[in-house]
Amino acid sequence: MEFAYLQSQREQQAVAEHLQNLEVRESLRSFNSLADRCFARCVSSFRTNKLSQEEKQCGAMCAEKFFKHQQRVMKAYLEEQQKLAASAAQQQQQQQSQPQ
Amino acid sequence: MFSSNRAAAQAAPSGPSASLREAEYQILAFTDMYNRMLDSCHDKCISAKLADGDLHVGEAVCIDRCVAKFLAMQQHVSEKMTAVQKQMQQSAEAAQAAATGLKS
Amino acid sequence: MEFAYLQSQREQQAVAEHLQNLEVRESLRSFNSLADRCFARCVSSFRTNKLSQEEKQCGAMCAEKFFKHQQRVMKAYLEEQQKLAASAAQQQQQQQSQPQ
Amino acid sequence: MFSSNRAAAQAAPSGPSASLREAEYQILAFTDMYNRMLDSCHDKCISAKLADGDLHVGEAVCIDRCVAKFLAMQQHVSEKMTAVQKQMQQSAEAAQAAATGLKS
Amino acid sequence: MEFAYLQSQREQQAVAEHLQNLEVRESLRSFNSLADRCFARCVSSFRTNKLSQEEKQCGAMCAEKFFKHQQRVMKAYLEEQQKLAASAAQQQQQQQSQPQ
Amino acid sequence: MFSSNRAAAQAAPSGPSASLREAEYQILAFTDMYNRMLDSCHDKCISAKLADGDLHVGEAVCIDRCVAKFLAMQQHVSEKMTAVQKQMQQSAEAAQAAATGLKS
């Protein structure tokens, strides 16, 4: 019969593992999506079975551009969240200073 | 998102594993929303012709505004869906009251 | 050692919870899909970072229209299922009244 | 769908948790099919220009017929796939019989 | 208290069942995707609620073509994997015969 | 894919269930990649007008080359992403070293 705190520790570890599981799966899916996108964007002819120099350059630019796009979206999202949190805090302050 | 939280809250009974499940709902729903925003703003802001691997100034500004408008549309659609469903519920209750009134 | 009916009750509860889990996840995914669809349909310019009056109206119509579309699809699907069930029952009756 | 049921039946051994698993297969497969039908019929029936939030009569009739034709196509493709796979199996068996015949 | 080899056998069976679970789910998803694709390709008018002869033929060709496409992709993928394995083995041989 | 294996390896602690989990990561990632290759090569190689159910010679050759180029692009993008992330890490470390240098 386990002590309660040991059981809770095991639960927490199971949760942490499950969340990490979701994170790894999402990161693998995200890479597959990028590679697919850059293939669709950059490769349109099939006269040979090797990537041309032009297709390789396009693929490299496509990948780098999407990576920088991801960074910008993350930055913009965090700023929006801060704005929303700041405006929600301001609204709360106004409500608290009004009861008369 | 009010709509998501309400759906998640309705489903989760009390208890430790229930709060884990609710956290999982929110992580999955957030990841889905975030990926859609990522793809939609890429489609709308990143030019099809790739000249280089860096973002142009125009692309960067577009992304900032696209993120803001995507989140605003999420909120707007959530409010509209809540209103539409409330209206439906009220119509159904009014119809039921009318039907009960007719029977007596 | 659990009694069989207690074990079966716990199994049934686990099943019910799992099905409800799938239902909640599907409903969250469905909302995300709708919001994304209406963003793609209604927002095309990024001269500001706020939704215009026109974009808000478009978003509201898009959402309401998709909701009513969902209702109509559900109604049509249930009617098709009834037709298929009725015609399957009719076929069965014909087969049973024919052995000679 | 005959194809789905056959795939699910082949995979599920007997026992209580097996019937739960088979029920889960069918729920997931049905939800996937239903969502595809929802999206496809929206693409084909709902006009791109949104004048208002209600369905026009034409859109409503289109949806009814789209649902009927989508389900009919599901059934038709299922029958064709079954036939194609049966034909492949027969060709493989015939080729194997010919090869065995040549050896003796 | 289970013997270790029995526990390992049960684990292996759980793994095998889980993998088969993924396989069945993928095969059902793949069929749904094919039926959806052929509907989108072949059905564009809704003057009636029945498939026309032309739409049925299109659907049958679409399904058969995709099946043969799947076969060809599988064949091409396996050949590419063999080429990569052969070239990796060749590189390894060259490295092993060079240390001086 | 180097990128996938590294992500999977970083996440998996040692132990029997961990190697099962890593196997699951690879199966799911492979299935996803394979399905994308299937759909992309169908889009690029199979003509929209369906004359019959067989593959033309041109379509068959296109598929062979499409598969080879898809896999090559996977590898190429993986190498580029590794390089981009390494460059980012080096920039961050250089900036940190400069900031530490300024303080003393």
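Note that the chains take the letters A, B, C, D, E and F in the order they are written out, and that residue 1 is the start of every chain.
Here is the rule we use: a contact is a pair of C-beta atoms (placed from the backbone, for glycine too) under 8 Å apart; a residue touches a chain by one contact, two chains touch by 3 or more.
This structure is a prediction, so every number in the text was calculated from the model and none was measured.
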Intersection of contact partners for subunit C and subunit E:
D
Top of the farthest list for subunit A, CA-centroid basis, is D
Using mean Cα positions as chain centres, tell me which chain lies farthest from subunit B.
E
Expressed in whole Å, how far the mean CA point of subunit E lies from that of subunit F is 17
Measuring from the mean C-alpha position of subunit B to the mean C-alpha position of subunit E, what distance in angstrom results?
33
What whole-Å value do you get for the distance between subunit B and subunit D if each is reduced to the mean of its CA atoms?
29
If you look at subunit E, which of its residues touch at least two other chains?
60, 62-64
For subunit D, residues contacting two or more additional chains:
28, 37, 45, 64, 66, 68
How does the ring run, chain by chain, when subunit A comes first and subunit F comes next?
A, F, E, D, C, B
Which residues of subunit F touch subunit A in the complex?
1, 3-4, 7-8, 10-11, 21, 25, 28-29, 32-33, 36-37, 40, 43-45, 61-62, 64-66, 68-70, 72-74, 76-78, 80-81, 84-85
Partner subunit A, residues of subunit B touching it in the complex:
16-17, 20, 23-24, 27-28, 31, 34-35, 37-38, 41-42, 45-46, 48, 50-55, 59-60, 63-64, 67-68, 71
Listed in rising order, subunit C residues that touch subunit B in their complex are 20-21, 23-25, 27-29, 31-36, 38-40, 42-44, 46-51, 55-56, 59-60, 62-64, 67
For a test of understanding, state which residues of subunit E touch subunit F in their complex under the given definition.
11, 15, 18-19, 22, 26, 30, 41, 58, 60-66, 68-70, 72-73, 76-77, 79-80
